[in-house]
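Shared chain: chain A. Partners: chain B in the first complex, chain C in the second.
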Partner chain A sequence: MTKDDCKKLVLDIIADIAPDEDLTNVKSDVRLRDQLQLDSMDFLDIVMELRKRHGIEVPEADYLQLASLDSCAEYLTPKFNALPAKG
Partner chain B sequence: MQPSRIVITGVGLTAPNGNSLAEFRRHLLTGVAGIERIDVRYMGSQLAGVCHHDPLRYQKKKELRVGTRAGSISIYCAREALADAGVSLDTLPRDRVGIYIGCTEHGNVETENEVYNISKFNYDTKFWSHYHNPRTVANNPAGETSLNLGTTGPAYTIGAACAAGNMGLIHATQMLRLGEVDFALCGGVSESIHTFGIFAGFKSQNALATHAEPARASRPFDKARNGIVISEGGCLYTLERLEDARARGARIYAEIAGYHVNSDASDYVLPNPQRQAECVRAALARAGLAPAGIHIVNTHATATPLGDIQECEAIRAVFGEGCPDTHINNTKSFIGHTMGAAGALELAGNLPSFDDLTVHPTINVDDLDPQCAIPGLVLNQPRQAARVDTILNNSFGMLGINSTLIVRRFVP
Partner chain C sequence: MNSRSHYDVVIIGAGMAGLAAGIRLAHFGRQVCIFERHNAVGGLNGFYSREGRRYDVGLHALTNYVPPGVKGTPLTKLLRQLRIDRDELALRGQLGSRIAFGPGAADLRFTNDFQVLEAEVARAFPAQIDGFRALVAAVRAHDEVSLDAAPASAREVVRRHLSDPLLEDMLFCPVMFYGSPTERDMDFSQFVILFKALFLEGFARPAEGVRRILRVLLAKYREAGGERRMKCGVRRILLREGRAAGVELDDGAVITADHVLSSVGAPETEALLSAGGLPTPRPTESGRLSFVETITVLDRAPAALGWSGDTIVFFSEGRNFDYACPAAPVDVRSGVICFPNNFAYDPGEALAEGWFRVTSLARPEDWMAWPEPEYRARKQEWFGAVQASARRFLPPVPDAELAAATVATDMFTPRTITRFTGHQRGAVYGSGVKHRRGLTAAPNVYLCGTDQGFLGIVGAMLSGISMANHHILQRG
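The block that comes next holds the complex of A and B.
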């Protein structure tokens, strides 16, 4: 998985948890909270959906790593690539 | 000192057969029921009353995702009631608005959903939603409404089984009279069709209706009645002290004339006609009315074989003789049992009678049960009344809670 693939997966999750938001121009290097209406419960949603959809665990101490799409990709891509191969 | 006169100045509702008072009333007068078949988890196809209003009219998609169905119904009804009352939130002192919403139950839907959800993950509770607690707290529907409206006065629910819709109005009347608030949104809501437990519970009680034709399934007083049709719905009113309503030139639907609440203290589920009759008589006494002074009695009857007979016994005891101008009807025959919304919705369906002098009927009575043959029953077709100045609304609930609310035509 590339970092761009990872950003796409995160955006897919955000599209579901923030269905009123226009995600076409989300800037990768800007904090998600500064450009979208996301609160702390929404970030818990991102954590939950990573767990449910992809089997990825994000410990509470690492929540800050989800601040922007770029930081998400930096933090999550290795986790995705470390997942056991499906099938 | 005389208590303040309290008046109804707005109505917002969603029912299985109408998303506004006008539509609801039209269907009550033309015999249009609102029962259909839905798929219920673990139970398959069941009869139910489903509301078809557009929740996105007053909520964002995210609010719908995060909140509950009961909260969403409450918000729809509250916004509709405010619009109907001609009140802008910009002019209301937001800390003086009270929200009092009756509920039969709350939290079952979300709890069932979460248990089902974690069943897909081997019951690992780390998959349990972080929204579970705000969704299931008992004040949820009222709290979601205050969030949506931005009102900062008291907002809470009143748990009163199926008497809850009346209780919302009664409690609001009390709070306005106490001066706790200056403006109230009140009534009842139900999201019950989204929990399988209520269907399974009534089925285990042998109290769940079955019928080949959904529209004919809810049949209070009919010999062939065989139980309750479970429905969702909501109805909230704006209530104000008369002087406040007149000061802003409000249209007044009706005045709260009297009410009473009591308890059977006799059984978990079997109604007690003596206590019901006492409740009705106490409400009449508070209103300063004799039984003959009531022109419409809206019954609670849910179409269970025994419950209807019990209520008819109570009605017969109070209105059985010397009440030639008293007409008796039932709204559940159209919309099923909307649980916490029932009292509020059923009152709303009758309010227009003050203007059109027409009493909506009880439908689906093909063969009247002789034990339910009380004088004044309006069967299958609407009836013109010589006068409609008063409406008495009964709502009763499990654990023996009884509520009676009387409203009268507003006369300055």
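The block that comes next holds the complex of A and C.
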């Protein structure tokens, strides 16, 4: 998986949990909270959807790593690539 | 078939809070089952059929309504958390509501546009408008959903800003009628929740009423894999070493669970724990506030009788408002009138019949104690008194004209409320003491719903969501 693939997966999750947000111009390097109206309940949902859909665990101490799309990709891509291949 | 004997989470009660909690838990892969003693879902916000006609219980209007595009409010949070598209609820805004004292002492109109209320206060109470604006600023700044807020008297906070007792009572009247579990005063956080829900946000309703909302919740719950068992009450919570091990059902069957989430109220949950052998050291007292509601079905829209301008009218006789358990079976001096027809429905959605509902405070002991024949007779007697009192605050309609337009009537009482909700004493808004963190004497039994302290039907659903998130999902 590339970092761009990873960003797309995160955006897919945000599109499902916050369908009332316009995601067409989300900037990768700006905090998600600063460009979208996401609260702590929404961030919890991003974490839980990552676990549910992809088996990725994000411990609470690492929530800050999900601040922007760039930091998400930085933090999550290695986790995705470490998952056992689906067979 | 629902035949498991173990679940990750057992939810007691299929009202708004239990269903919302169930959707969250099932969506994130928990094995969850809702146990409901009644044969219908919805609890306090349910519906029933009588002679082929469907009646809503509870819901006058969904509060907390904001138009599409407004974010960060309880309704938006709820829709996101439950993955509900707002179009699914088909909410239609109110036409306009009114607080009416006297009659003739003062009237304040309000709509889903807060500026209308502000202008009305400036018109009717010019000397109070600065204080009113300061109060609104304090309300906006208050974090009412904090799980740790210290209790404060809402009357005291409001009096810091307003000096006219008439305006003070006029603001408390709708706020208390739509959610205060305590008499005469309430906790400031609860006042803020309701003030925002009623005035800063607003009223809406689907044309189908509460059934539409329940149908959406049930579909989400089923799609997520949640189970429910109806006519299947919980008679005690089973305990092992101070923790809940499961529940025992009314028929004696035992279901084991890792967590129990109870939406049936604090005193009622404490009774279930006590029946299982874990008494609560300082039990929560049941609430003291209950209501009767008269329902009049009309062969024409209320507008055809001249009742076109009001969606909801909160009324009180004279210049004072006494929100308390009455000394008589019903206190007809104050109440809430609702015309479910008077929402901005789309063409083709208009309700087939007219509806005129009036709610007033009632003393539960009387309604619980009467044997069936007397109960029926008293219902009839008080129906007339409640309706007559309310009509003083509406454009006049001759008795004969109203009688000719009436095709059916019904009335629910504290007795009905206890039957639908299991709340002791028919306490509509639950206990006066709220348990914000949802904790009980057992570490894996949590409260959600009315007695957790978020009010209104949006509040009830958010309560289920918050408690499921906080106590179960966030713990991984």
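Just so it is clear, the second predicted complex is superposed on the first by the 87 of 87 C-alpha atoms of A that agree within 3 Å, B and C clash if a C-alpha of one lies under 4 Å from a C-alpha of the other, contacts with A are read in each partner's own complex, and residues count from 1 in each chain.
By our rule, a contact is a pair of C-beta atoms (placed from the backbone, for glycine too) under 8 Å apart; a residue touches a chain by one contact, two chains touch by 3 or more.
Keep in mind that what you see is a predicted model, and the values were worked out from it rather than measured.
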{"item": "Combined model on chain A: chain C and chain B, fit or clash", "value": "clash"}
{"item": "Which of chain B and chain C A:K52 touches, first, second, both or neither", "value": "both"}
{"item": "Contacts of A:M41 with chain B and chain C, given as first, second, both or neither", "value": "both"}
{"item": "Identified clashing stretch of chain C versus chain B [167-175, 239-247 or 437-445]", "value": "167-175"}
{"item": "Residues of chain A contacting chain B in one complex and chain C in the other", "value": "17-20, 37, 41, 44-45, 48, 51-52"}
{"item": "Chain A contact footprint on chain B (complex, rising order)", "value": "60-62, 65-66, 121, 126-127, 129-131"}
{"item": "Touching residues on chain C, where the partner in the complex is chain A", "value": "27-29, 68-69, 71-72, 76-77, 79-81, 83, 85-86, 465, 469, 473-474"}
{"item": "Complex interface listing, chain A residues touching chain B", "value": "17-20, 37, 41, 44-45, 48, 51-52"}
{"item": "In the complex, chain A residues that touch chain C", "value": "16-20, 37, 39, 41-42, 44-45, 48, 51-52"}
